[in-house]
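Okay, so subunit A shows up in both of these, paired with subunit B first and subunit C after.
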Partner chain A sequence: MKTKTIKKKDIASFLDTLLTRYEVFAPVERDERVVFEAIGAGSEATLDYQNTTMPPKGILFPQTEQLFSYRSTKDTADIAVPSFKEKPQLIFGIRPCDARSFLLFDHAFDGDPYYINRRGNTLLVSIGCTHPQAPCFCTSVGGGPFSEEGSDLLLIETGDQYLIQIVTDRGAQLLEESGFKDAGKDALTLAQKMIKTAEASMGAGIEIDGLKEKLDSSFENPIWQELTEKCLGCGVCTYLCPTCHCFDMVDEAEGSTGERIRIWDSCQFPLFTLQASGVNPRPTVKERFRQRIMHKFSYMIESYNQIGCVGCGRCITECPVNLDIRQVVHTISKLEALS
Partner chain B sequence: MPEVTKKIREIARSLLQEKKVDLVIGFEQGTLPLRATPCFVRGEKEVDRLVWDSFCENNLATYLIKRAERVAIIAKGCDVRTIVELIKENQISRDQVVIIGIPCQGMFDRRQVEAVLQGKEIQEVTEKDGQLILRGGSFKETLKRDTFLYPSCITCTHRNPVIYDLLVGDPVPELSTDPYQDVEEFEARSAEERWEYLIKEFTRCIRCYACRNACPLCYCQECFVDSSSPPWIGKTTDESDTAIFHLMRAFHVAGRCTECGACERACPVGVDIRKLNRKLARDVKERFGYESGVSLEQVTPLATFKPDDPEEFMVNP
Partner chain C sequence: MKNPYIPFPMRIDNVVIETDDRDIKTFSLSFIHKEDEASFAYIPGQFAELSDFNKGEAPFGMASSPTQKGSLEFTIAKAGVVTTALHNREVGEIVGVRGPLGNGFPVDTLRGKNIVMIGGGFGFSTLRALTTFVLDEANRPTFGDITVIYGARNPGQLLYKDDLEQWGKRHDLNLYLTVDSRDDEWSGRVGLIPQITKEIAPSAENAYILVCGPPVMIKFTLPVTREIGFLPERTLLSLEMRMKCGVGMCGRCNIGSKYVCTDGPVFSCAQLSGLLFDES
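Showing the complex of A and B:
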């Protein structure tokens, strides 16, 4: 694999060059928080951050998106579909877990023109995690603090420079004419050391082996009641999850004009499965929380042969009542099968 | 083990042993540093899970609603105020709950602490003499607890439970600072500035409803945001939809909100939710002489009508 190096102080000017060709999204500081935003200058970006509270998923799957608008007259209806943004875009400084999450989206939005167009037009330059945090468990769900899966380029911090791992051809094209030097032996050894240290610093995580079978056989286990008793049924864990992608459609009409909008939805909300008859097959947080776990660790494996969680830890950090997905999974995997 | 934790366990054990309650709701150690988490204890064997520290930030009163069991609940000053409101609103009955009141010195704002640490990872936390000692691989940081309290704890007016069945710990002095200073400052701004401030806060909102769900007083069987036919309110995150959500919610808790701050602590993106709620709370206090959750007897302003009400808002629109 080809590798290059870039000095930390040259990142801003590298971004400035990219900005001539791409719309660039990068972590920026806003009101004492780091969020992904479109930047106007390379100097706005910060790579000195742990991870953002909000995942960058909204860049490819906006929380609110108009699908079409219409205007009807007595016998005609004009439908307008928003035009697709031609300018290619790039997400810079995305964490490896979040980069991997888009591989799941690729399955979920297979055939969806809004997503596919944007996705085909987007490059991902990720930055490896030198300091994985307490809630991180990417290594137990197939990723790693320096996983390159899903990325076009991966940056590895080595002292005052980054090693750039070139993952895809599209990634390689980004570096053409950049003049960055090939990485020397020292840089490569140092990078290997950083990767080893980071991986070794990660907590125990979760056990995936046999989990799906356990979940499938524990659907009716009363343990779910106990596990979910403190759950508030809010949308934090799903809205902040980089792999959660459920949505709702709303029609906003005013007289003869209107629009259809796609918005994020959450399996934790009562309305999510409320049927027109008034029946709700998931009437309480128990069924809803169970759905979230089943979807990630059983159904997505069935549908896409992929675990539906990338181990970013956001749902653990931000759950208002500290309902920890790792603990839930652990409890389930230790269950004796219900006979 | 801290004295309060020890006492809580003793009380919980004897209440369960003597079958006075079926369930004790309290806190146990969380899975991350600076976190405690709600805990439901039904058997004596589980009692030793209970803890009390500076991270018991959730308002557990939210778990009392629609419960058939007899419950003992660990409650801080603000939690007790919410319980009082819930009793007055007939959501729980007084004889169904055993209130284990705890005079509270404020809860630690984990996000503020994390901001100070700038990503350094905490491995161990100890509390001693009003100080918090955080240790990580390569650092040790000693923080004064009073400088890192939640905003709601800084403006708290009833740190000591107003009613209780059992009290654990010694009463603490109430704060002497003006609790509504920030509201007064806000009121002094021009209408445009106020709106600009609120809109800036609201546009950060992701409509996750953690604020509503954490709020013990948001117990409506069907919340206006959850209705799809009719859709009372737009579901998008554009400015007007989000603003309407916040304005409506503020009105729905006006004269009821006990300023416990559970909404704001639950918010993942740090929206200033309390500003409006507290503005309304202060208006209610000034105009109707009513402070929510401080007495079981006083009639709630929205549940009464006085023929001699000045009704200024009618004559001076």
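Showing the complex of A and C:
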């Protein structure tokens, strides 16, 4: 694999070069948090962060998005579909877990022109995690702190420079005319060392072997009641999850004109599945919480042959009642078969 | 790529008030653009999303048969925001339609077979579509015996009264109507669907049975169909779930790993027994 190096101090000017061709989203500091935003200058970006509170999923799947606008009277209905943005975009400094999450979105949004257009128009330059955090468990769900899956380029911190791993042709094109030097043997050795150290520092995470079968056979187990007793159903886990993709569609109207909007929704809310007849197939927190776990660790494996979790740990960090998805899954995996 | 979220306009040509309480209406819609009709190739059991702009969308099974050209029919019970808005619509007005969606009844598998249809209440609408389809002059010879068992709470709740009258006169269709409770004019059967099904006991030989209706009806009818001899593989249900996108992306209508909107709404009992959902 081809590798280049870039000095840390040259990152800002590299971003400035990219900004002439791309709309660039990068981590920036905002009110003591780090968020992904479209930047105007390379100096706005920070690569000195652990992970953002919100995943960058909204760049490809906006929290609210117009599907079409309409003008409707009693006897007419004219529909206008928004045009797709043509300027290519780039997410710089995305963590490998979040980059992998788009591989799941590629399945979930197969046939969705809004997502597919943006996705085809977006490059991902990820930055490996030299210091994985306590809630991180990417290695146990098929990823890793330096996983290149889903990325076009991957940056690996090595002292005062980054090693740039070129993953795709599109990534290679980004570096044309950059003048960056090929990585030397020392840089490669150091990068290997950083990767090994980071991976070794990670906790056990989730035991995936046999988990799907265990979940499928434990669907009716009363343990779900116990496991979900303290869940408030606030849905923050789903909003912050880089793989959660459920949405609602609503009309926002003003007189005879309006827009059909899609907005993020959450399977943790009772209205999500409530039918007009009054029937709700997921009437309590138990069914809704179980749906979230089953979707990620059973249904997505069945549908896409992929685990629906990238181990970013946001749902653990931000849960107001400290529900830990790793513990939930661990409890299920240790269950004796129901007699 | 076709944008699956964009509805096309259809005009309301006719509205039939189906029930005494006026809560269920059948809307007949005509295509405005020829190309929309050409792209709307459907089979009975499929559904579409109807838009009342400003209020939103809701899914409804087609109550009409593809053998009826030029229009679509939807039977709509007034229940929520969108259905109430649609009920306030009048002839000549425009609504949006997106579809056809879902798998529909396996029409090709059913050809050459005897078909037993059991419908309860409002759930009868897509079975009406199938009945109309199989009774079509060109189609009828390609199907075996047709039996329709249809029940409602009371005579005033029976849908499609003109159809029922026509069907009752035919010799190539066995029609059984029943009501939970009779009124003064009703001289037909009185009794719940499971009990009536047991009495009639249609033969399972070379046959498929299709059951559509409220969950409680399905729950008590399935043991009867099993007892009569219908295997789970040949017992078909059409399921209802809350839906938004209708194309398997918004994530709410799943039963286990299957989406009712794209994998269904028609499932065999054999398929469902392998899926994870609460029995209640």
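Criterion: the second predicted complex is superposed on the first by the 335 of 339 C-alpha atoms of A that agree within 3 Å, B and C clash if a C-alpha of one lies under 4 Å from a C-alpha of the other, contacts with A are read in each partner's own complex, and residues count from 1 in each chain.
We adopt the following convention: contacts are C-beta pairs under 8 Å (C-beta built on N, C-alpha and C of every residue); 3 or more make two chains touch, one makes a residue touch a chain.
All figures in this text were calculated on a predicted structure; none of them were measured in a lab.
S.K.: Judging by the criteria at the top, classify the pair subunit B and subunit C on subunit A as clash or fit.
M.R.: fit
S.K.: Quick check on the superposed pair: does A:181 touch subunit B, subunit C, both, or neither? Answer first, second, both or neither.
M.R.: neither
S.K.: Write the angle, vertex at the C-alpha centre of subunit A, between the C-alpha centres of subunit B and subunit C, to the nearest 10 degrees.
M.R.: 90
S.K.: Which partner does A:303 reach: the first (subunit B), the second (subunit C), both, or neither?
M.R.: After superposing on A, A:303 lies in contact with subunit C but is clear of subunit B.
S.K.: Between subunit B (first) and subunit C (second), which does A:21 come into contact with in this model arrangement: first, second, both, or neither?
M.R.: A:21 sits against neither subunit B nor subunit C.
S.K.: Going by the contact rule set out at the top, does A:260 touch subunit B (first), subunit C (second), both, or neither?
M.R.: second
S.K.: With the two structures laid over each other on chain A, which partner does A:324 touch: subunit B (first), subunit C (second), both, or neither?
M.R.: first
S.K.: Once the structures are superposed on A, label A:250 by its partner contacts, choosing first (subunit B), second (subunit C), both or neither.
M.R.: both
S.K.: Applying the touch criterion given at the start, work out whether A:135 contacts subunit B, subunit C, both or neither, answering first, second, both or neither.
M.R.: In the superposition, A:135 touches subunit B alone.
S.K.: Report for A:234: first if it touches subunit B alone, second if subunit C alone, otherwise both or neither.
M.R.: first
S.K.: What does the superposition give for the shortest Cα distance from subunit B to subunit C, in Å?
M.R.: In the combined three-chain model, subunit B comes within 5 Å of subunit C at the C-alpha level.
S.K.: Under the contact definition given at the top, report the residues of subunit A touching subunit B in one complex and subunit C in the other.
M.R.: Overlap of subunit B and subunit C footprints on subunit A: residues 248, 250, 274.
S.K.: Which residues of subunit A touch subunit C in the complex?
M.R.: 67-68, 70, 72-77, 79, 81, 108-109, 111-113, 116, 216, 219-220, 245-251, 253, 258, 260, 262, 265, 267, 272-277, 279, 281, 287, 291, 294-295, 298-300, 302-303
S.K.: Spell out the part of subunit A that touches subunit B in their complex, as residue ranges.
M.R.: Touching subunit B: residues 31-33, 49-50, 53-54, 63-64, 131, 133-135, 226, 229-230, 232-236, 239-240, 248, 250, 252, 261, 263, 266, 269-271, 274, 316-318, 320-324, 326-327 of subunit A.
S.K.: Which stretch or stretches of subunit C touch subunit A in the complex?
M.R.: 1, 3-7, 9, 11, 53-58, 79-80, 83, 92-96, 215, 240-242, 244-245, 247-254, 256-257, 276-278
S.K.: Please give the residue numbers of subunit B that touch subunit A in the complex, ascending.
M.R.: 30-33, 35-40, 58, 62-63, 115, 119, 121-122, 204, 206-210, 212-214, 226, 228, 231, 234-238, 265-266, 268-270
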